[in-house]
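Both complexes shown next keep chain A, but they swap its partner, so chain B is in the first and chain C is in the second.
So, the complex of A and B:
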């Protein structure tokens, strides 16, 4: 049986999410953990885009010559909010990491945790 | 009513930014917002439930009823108490602005009825809470804040995947869509909310975060912010019958886990934080009456955290050697009795109301958990005290905040005055007596529970295990 295009894409999207999640667990460096989180969130965003494209691929803009099936605009609109929130949280975390890097130049999570847990 | 609701929900954000432009007005504006929320919540008890659909069929839905009323009232009173506590402490406009934004986004959680508004509100809460936790800018506070933000953001990513699956089935983001959703969607969404709300093993980020923050921030976090993760679970359990048993089981589980941590703890703020976990279980175990329990817990826990900030030490062993001020001891005893469920305080009414809404085995389990709570708070009641001249590290606003919170606890008795029957009172006193007896027997043993599950990597790892557990629970 041949796999559909959508199924392969969905598998890739979930692989991205899992790669990110395992990166968060397995990477020791705090910076790498944050980048892994970004990978995971990229996977989630791609999943929304994939779901939006189930019904069609044409950009949902009202125009005179309408042809083809439109992509669902709702998940796209929603995920735009999530992208903005995602990068603002990333920015905030990176500022925190910058401050932590003064006293923990290697940024090893286990070290930082040991130094800062009562 | 709908115009009023929209005006009320935007007010904290609007005034939050205004207060940053006019730093001199910050305290007054914040207090005004807290009072506005309290009055709005009181208004809700007199009105029928309201459903608002903003714009068209895909957009934001709001659902405002008595359950929201209880949570909003908690938010209003706790925020007002915290602002009064900080009134003359020289906090900057930044603090008040973050408090206002936190207040507004927590309110938004309590009235929203779709997954995306909930997501946005929860993420704003995460950011505002991080800024408040990390505000002292020491390495420790930044690490504690980062750990909180990281854990909650990863949980919210799982949640987003679940929401996408719900949308795929129903083409809508409404809470009711959980009904016929695939099991993996329910598992992912519940995982996100459990982690965000600090419930069961996935909520073990909570003790460190709440105990290492500054006093007013701890009071806000434990009093209202965790309830933002719990409220959607309660709401979904009420809307969708299929997931109600799961929520109840997690309620019982977290009630026991939290109380076990609290019994063997010696740091007073950690005791309170672990006890918060266990009290969240009490809210979840009976979703229909969870609102009232949330109100009494929010008031008492904020009061307890503010009291702890006024004690000379955080260590219970040190406090046993060093007598505390008698007046502070009296409010400490009042708050401890309320949370243990002693008659006179509304903690008693809330406990009895919750116990009446359970099946037999659940009620038996929760009775044991109630004994555990009594053991925990016996530690504070037996502390030595004496009359001292003047207390050094007492914040000027301390007593105003206490009058508001403890007074609220007494007035809230009116919600369920039917609880005052002879059998209920006997039962409550028996539970507390048993707890104090066990405390007396236990105090000679010092057992230290391992904190390995609270390590950052385990917090993330436990999410994958919880996901599998939840999946099987939904499937079963």
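So, the complex of A and C:
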């Protein structure tokens, strides 16, 4: 069971998600937090693609001369939404950080909180 | 405290690796063939996005629109960047123009054949946005801005979103265009139209974002 089919890939994908998650909660810089969020979302997308390839590896486009099973199209379609949403959310977050950087010389969260506490 | 978090995370990681995945055993039913039969397009992912999960896709387009409007709103009271340095040497200009041409052609191909082959509206829009970005780094920003104004790109972007929502609502009400012959260019009812609309929307939206970021932040 351990080191079975796809377990190594799964371990790498989980490690990516975990790295991103620790980056989000442990890093103090807002820029690093955004980058870690991107790393985590990359891991999640990779996990969906891995799940989709469980049943087969052929692209889910109907063809006459296919050999092998089709990959599951449902997880792929679901995660396509998350890719686009992630991209737009990231653009918005970066603009927000840009605005914060105008008022604060640093992007450390503790400094920003200290500046904004009355 | 930090090390406690990391230890908990590593324990969770090992737990996920050791415990077997609870996979649902789907009886041997070919999802791809069912979806292709229902939607009338060979690309099953496009079929799911624009038919089985259309409700989701409407809100995806809306979230994209709102995020771009939010970026506009947040940047509205910024000072524009005074001097913007462009790439002016001849090799960069030629290479960027060549890349832009190829990316634009690929974008059109992905948009109109997205229901037959890999691709689709979002990928096509990103290819179009890449083409526009490549032109933007080598030509003056005033010129880009004047083109954006002259072709009324902002208006077209909004029109494409509205037409998308109307078409999607009609499809959700249960009215479907005839499917046509499976695998030809004009087939699949409303799916190719939705693909093209999404491509226009994403390309114009990324154009707006590129112009915005160049105006306020410069190129580098």
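Note that in this section the second predicted complex is superposed on the first by the 113 of 118 C-alpha atoms of A that agree within 3 Å, B and C clash if a C-alpha of one lies under 4 Å from a C-alpha of the other, contacts with A are read in each partner's own complex, and residues count from 1 in each chain.
Note that in this section contacts are C-beta pairs under 8 Å (C-beta built on N, C-alpha and C of every residue); 3 or more make two chains touch, one makes a residue touch a chain.
This structure is a prediction, so every number in the text was calculated from the model and none was measured.
**Q** In the superposed arrangement, which partner chain does A:15 touch: chain B (first), chain C (second), both, or neither?
**A** The answer is second: A:15 touches chain C but not chain B.
**Q** Just checking: does A:76 make contact with chain B only, chain C only, both, or neither of them? Give me first, second, both or neither.
**A** Only chain C; A:76 stays clear of chain B.
**Q** Answer with first, second, both or neither: which of chain B and chain C does A:88 touch in the superposed model?
**A** both
**Q** Check whether A:7 is in contact with chain B, with chain C, with both or with neither, and answer first, second, both or neither.
**A** second
**Q** Touching A:96, do we find chain B (first), chain C (second), both, or neither?
**A** Both: A:96 reaches chain B and chain C.
**Q** Looking at A:117, would you say it contacts chain B, chain C, both, or neither? Reply first, second, both or neither.
**A** After superposing on A, A:117 lies in contact with chain B but is clear of chain C.
**Q** Regarding the shared-chain residue A:25, is it in contact with chain B (first), chain C (second), both, or neither?
**A** In the superposition, A:25 contacts both chain B and chain C.
**Q** Please work out whether A:57 is in contact with chain B alone, chain C alone, both, or neither, and reply first, second, both or neither.
**A** neither
**Q** Which chain A residues lie in the overlap of the chain B contact set and the chain C contact set?
**A** Chain A residues touching both partners: 21, 25, 54, 74, 78, 81, 85, 88-89, 92, 96, 99.
**Q** Looking at the complex, which residues from chain C come into contact with chain A?
**A** 2, 5-6, 9-10, 12-13, 16-18, 20, 23, 30-33, 35-36, 42-45, 47-49, 52-53, 56-57, 60, 63-64, 67-68, 70-71, 74-75, 116-118, 122, 182, 202, 209, 217
**Q** Which bits of chain A are touching chain B when the two form their complex?
**A** 17, 21, 24-25, 30, 33-34, 37, 40-41, 44, 47-48, 51, 54, 74-75, 78, 81-82, 85-86, 88-89, 92-93, 96-97, 99-100, 103-104, 109-110, 112-113, 115-118
**Q** State the interface residues of chain A toward chain C in the complex, per the touch definition above.
**A** 1-2, 7, 10-11, 14-15, 18, 21-22, 25-26, 54, 59-63, 70, 72-74, 76-78, 80-81, 83-85, 88-89, 91-92, 95-96, 98-99
**Q** In the complex of these two chains, what residues of chain B are touching chain A?
**A** Going by the criterion above, the answer is residues 58, 116, 119-120, 123-124, 126-127, 130-131, 134, 137, 139-140, 142-147, 149-150, 153-154, 157, 160-161, 164, 167-168, 171, 173, 208, 212, 267, 451, 455-457, 460-461, 464.
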